[in-house]
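Two complexes are shown next, each including chain A; its partner changes from chain B in the first to chain C in the second.
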Partner chain A sequence: MRAYIPVARATYMIGLVYRFGFLFNILGNLVYLGVAYYLWKSIYRYSDTIRGLTFNETFIYVALGSAIFILLKTYADWIMHFEIREGAIATYLTKPIDYQIYALFANFGAMLMNLTAITVPTALVMLFVFKVHFPSGLGLVLFPISLLLAFLISFSIDYFVGLFAFYSESVWGLSITKEIIVTVFSGALIPLPFFPDAMQRVLLWLPFQAIYHTPLMMITRPNQGLDIFLSMILVQLIWAILLFLLARLFYNQAIKVLRIAGG
Partner chain B sequence: MSLIHIQNLTKHFKILNRREGLSGAFRDLFSGNYRTVEAVAGISFDIEAGEIVGYIGPNGAGKSTTIKMMTGILKPTGGVIQVNSLAPYDNRIRQAQIMGVVFGQRTQLWWDLPVIESFKILKEIYKVDQKMFDRHMDMFNELVGLKTLYSQQVRTLSLGQRMLCDITASFLHNPQVVFLDEPTIGLDISVKAKIRSLIKGLNREHNTTIILTTHDLGDVEALCQRIIIIDKGKILYDGDIKRVNALFGAYRTLKLQIDNFTESTLQQLKRSLTDCFGMKHGITIAETEEFWTDVTIDQARTPLSDVLSLVMNNFPVIDVRILEISMENVVQKVYDGALG
Partner chain C sequence: MQSLADYIRLYFIIEAQYIKARMQYRADFIVSSIGMFFSSLATLGVFWVILKSVPDLAGWSLMEMIFIYAFYMIAISPMQILFDHAWNIRFHVREGTFLKYYFRPLNMMFYYMSEMFDLKGLTQLFVGIALLIYASVQLDIDWTPLRIILLLITLFSAALVQISIIVAASCAAFWVVDSYPVLGLAWKLREFSPYPMTIFDGPFRFVFTFVIPIGFVAFYPSQLFLRPEEVSPLVYFSPLVGVGLFAITYWIWTKGVNSYSGTGS
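Take a look at the complex of A and B:
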């Protein structure tokens, strides 16, 4: 495992090397935050709660949701698409490393970068500029664990899609489809409680809600019982392990068709 | 037991037969019409520890495919391949520890970071201890003055500098065998010389086995004692460089552009060369590209200068170029039985 830590460190550093990209990331997110604040403020003008969520809860969900969305978006599928198609994967395969774990750590470093550049500033602005009141409770303590598991699930889905690059010249269409499914079904775009009840019940069985809905619930409704939180984390854990292993099986099949011509 | 043992190695690729045009592309979506391409068609050789072997052949000969099987990236279709007594593909991670690889067309360094960071990452990936790391970095610095490049971002390096870094990086973990796939591609003469002396120095330092594929016969001449020539997936020659050297070392190609060139000019040229130098003149003439006629001369039999003056005096020559013999010519000569 020690061999992979410098890999995460390297991708984190790459985020810092491009200083203007770093600064504009922060700035862009702050603009989005302002837009979201005034949009939902006007939606809530005529009622205090919508589907049981107060303005405060919805704003936390949406604003933090977008920050977490950027945090957990790995781009692993796009990176792999290029690495496999251009043959750059050969340089990884000639090193004593496991490609899946290598990719995991590389993306983990990028995730930490986003944490520094997006999530933490967002939370600070919400606290001190918009004076959002974060409810306290047990959920806040479990939030980091939930977030880490959410990252693992998000990574495995992206990695799984990326592996299709072994078979297809382009995973573009597949990536876009995945993106839409994840964004909608995870509750990143619209909070899950706003969906019809029947749909909510189905969505809760899919891995997507475990990416955004679960960690966000721990922030917006942190004062629920321990048993509710533990079962949520258990579902995340099961999905994280299952998807990781599934992706591994898929890799073992996909690598057999690898064909790198020239150079 | 030799370090690398290869016997009857084959690699087949299944390639979809693509049809022409848009409608063809649509029909290909459901096509099961594959053809098999034999990239490597049964090769055998052994390589001993400490050797520098030139593995050469024209484009598409199967060089890179063989290298990728030796490094464990590709699984052989048939035959035996062992590096240090183990099959590379089935023990990829373990085998990678004793190998170093440079693919000339791509880099193993971290593009966006300063050079030194890549070395630090590789140190951890290969579990190189601090003492060995320091010793090797000192050695690299002595050989190519690496220290001046440490703080530069990899993407800002020149192609030559990047290649020097890439090659030294592949030696960092003191591997038993290093594969250099086209390490001098696209470099100018002076940088090529620098790369060659670096490779020589690194080989001497730890008696590291080096397998070199290249298009530049100068690389082979400067570095290898042994040469393996491959074409169409089969080995054409495996042996001492000296015999091949005599072959391509003595040959030069004279490229001529002659005014108002016609078929009869070609016949005239052939006749006058035979008249002047006799039947056994060791000269072949071919029209390779438009307006250019190639005259390949065996200098052991006929001096180049004699041919040149003959041509200049008797034909309306517009332009002349003199080339060292190309890889394709060497392979052609071997086919023609020159080493037989």
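Take a look at the complex of A and C:
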């Protein structure tokens, strides 16, 4: 494990180079916060609670969702497409490292960079500009654990899709389709409780809700029993392990078809 | 200097070759088109889910939102299909390969943008047209010849607004090389153009109407067909907004192209 920590450190440092990029990222996020604020304000024009959520709860859910979206969107698949297509993956195969763990740590470093550069500033803006009132409770304490598990799940899905680059050059469509499915069905765009009931029941059985809906509910509704939170974390843990192993299995198959042109 | 007819003829010759080359990768075309299909409908999905819980969005019904969204999908298609090469300016600038565009007796923007024709963008265009027809039928819109001409004019103008925003953002590459963050922001703003502008107030509505006028990509022009009796005089300026914005963008492009000095190798 020790060998991989410098990898995370390196990607964190790479992030520092792109300060100009972060400025625009924060700006984009602020605009999104504003748009979301007005959109939901107009939706809550007639009633105080819709589908069991107040305006304040919905806004926390949506706004914080956009802030952690930047953390959990790993770009692992885009990077892998590039590394596999260009043959750069060969440099990892010749070293005594595990590619999946390597990719995990590389993305973890980038995630920490985004946490300090984008998510924290966005949360501060929510607090001081939009004057959002965050309720307190047990959920806040468990939120970091839930977020970490969400990162693992998100990474495994991205990594899994990234492995398709071994088979095909056309990965843009796959990655975009995956991104849309994850963002829409995870609650990243609209809180899950807003979906029609039948759809909600299906969505709760899919891994996507464990990425955004679970951690966001811990902040939105932190005053629930420990047993409820533990069962939420347990579901995340099961998905994290399952998807990680599934991706590993897929890698063992996919690596067999790899051919790299010499040079 | 060629005439407009020459340029159009040339464009068809270039794109015919490009499409032939792309068709070598048929699976890529199919998978990308599916991806485009889902990604272009995501925001409409948001409106659909919201309107399952509340009766209207700032006074606009689901069917009206579908019309606005369809208008938006058609209006952004020319940018997607014809100007997709804008995303690559930063690579060409960084690698120095942008120099080759200076050495042809052609308009540089034409020559540069003609190098790519985004086939998957056609999916978005066709879905947009289908949705526009569907919503028009459901809403009983009376398509008189005058209205159809008005639709074509407003769509042309809206397309120019969207093209201008993206091309202007991509021109940042000439000064800062990595224009991706600027383009990313412009891309994100694009998604807000089908929102009813009436939900915003204060600085947001001002910016979306007068500074980065994404309101003119879909919402304002759609009003001419949905609620012609409520239209604010502002909407009649929409053809001017498109042409004016494109003129500004072309000026930025020319500035950028003239200031670029290559990589020196």
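The rule we apply is simple: the second predicted complex is superposed on the first by the 263 of 263 C-alpha atoms of A that agree within 3 Å, B and C clash if a C-alpha of one lies under 4 Å from a C-alpha of the other, contacts with A are read in each partner's own complex, and residues count from 1 in each chain.
Simple rule for what comes next: contacts are C-beta pairs under 8 Å (C-beta built on N, C-alpha and C of every residue); 3 or more make two chains touch, one makes a residue touch a chain.
Please read all numbers here as calculations on a predicted model, not as lab measurements.
Partners chain B and chain C, once the complexes are superposed on chain A, both fit on it without clashing.
When the two complexes are overlaid on their common chain A, residue A:E179 makes contact with chain C while staying clear of chain B.
Taking the C-alpha centre of chain A as the apex, the lines running to the C-alpha centres of chain B and chain C meet at 80 degrees, rounded to a multiple of 10. When the two complexes are overlaid on their common chain A, residue A:F24 makes contact with chain C while staying clear of chain B.
Looking at the shared chain after the overlay, A:L206 reaches neither chain B nor chain C.
In the superposed model, A:L242 makes contact with neither chain B nor chain C.
In the superposition on chain A, A:V129 contacts neither chain B nor chain C. Of the two partner chains placed by the overlay, neither chain B nor chain C lies in contact with A:V141.
The wider contact with chain A, measured as residues touched, comes from C rather than the other of chain B and chain C. Per the superposed model, the minimal spacing between any CA atom of chain B and any CA atom of chain C is 6 Å.
Where the contact sets of chain A with chain B and with chain C meet, they give residues 18. Here chain A touches chain B in the complex through residues 2-3, 5-7, 10, 13-14, 17-18, 86-88, 90-91, 93-98, 256, 258-263, going by the rule given at the top. Within the complex, the chain C residues that touch chain A are 25, 27-36, 38-39, 42, 45-46, 49-50, 52-54, 57-58, 120, 176, 178, 180-182, 184-185, 188-189, 192, 195-196, 199-201, 204. On the chain B side of its complex with chain A, the touching residues are 13, 64, 68, 71-75, 92-94, 96-97, 99, 101, 103-108, 110, 112-113, 117, 120-121, 124-127, 153, 181-182.
Every residue of chain A that touches chain C in the complex is listed here, in rising order: 18, 20-25, 27-28, 31-32, 34-35, 38-39, 41-43, 45-46, 50-51, 168-170, 172-177, 179-181, 183-184, 189-190, 194-196.
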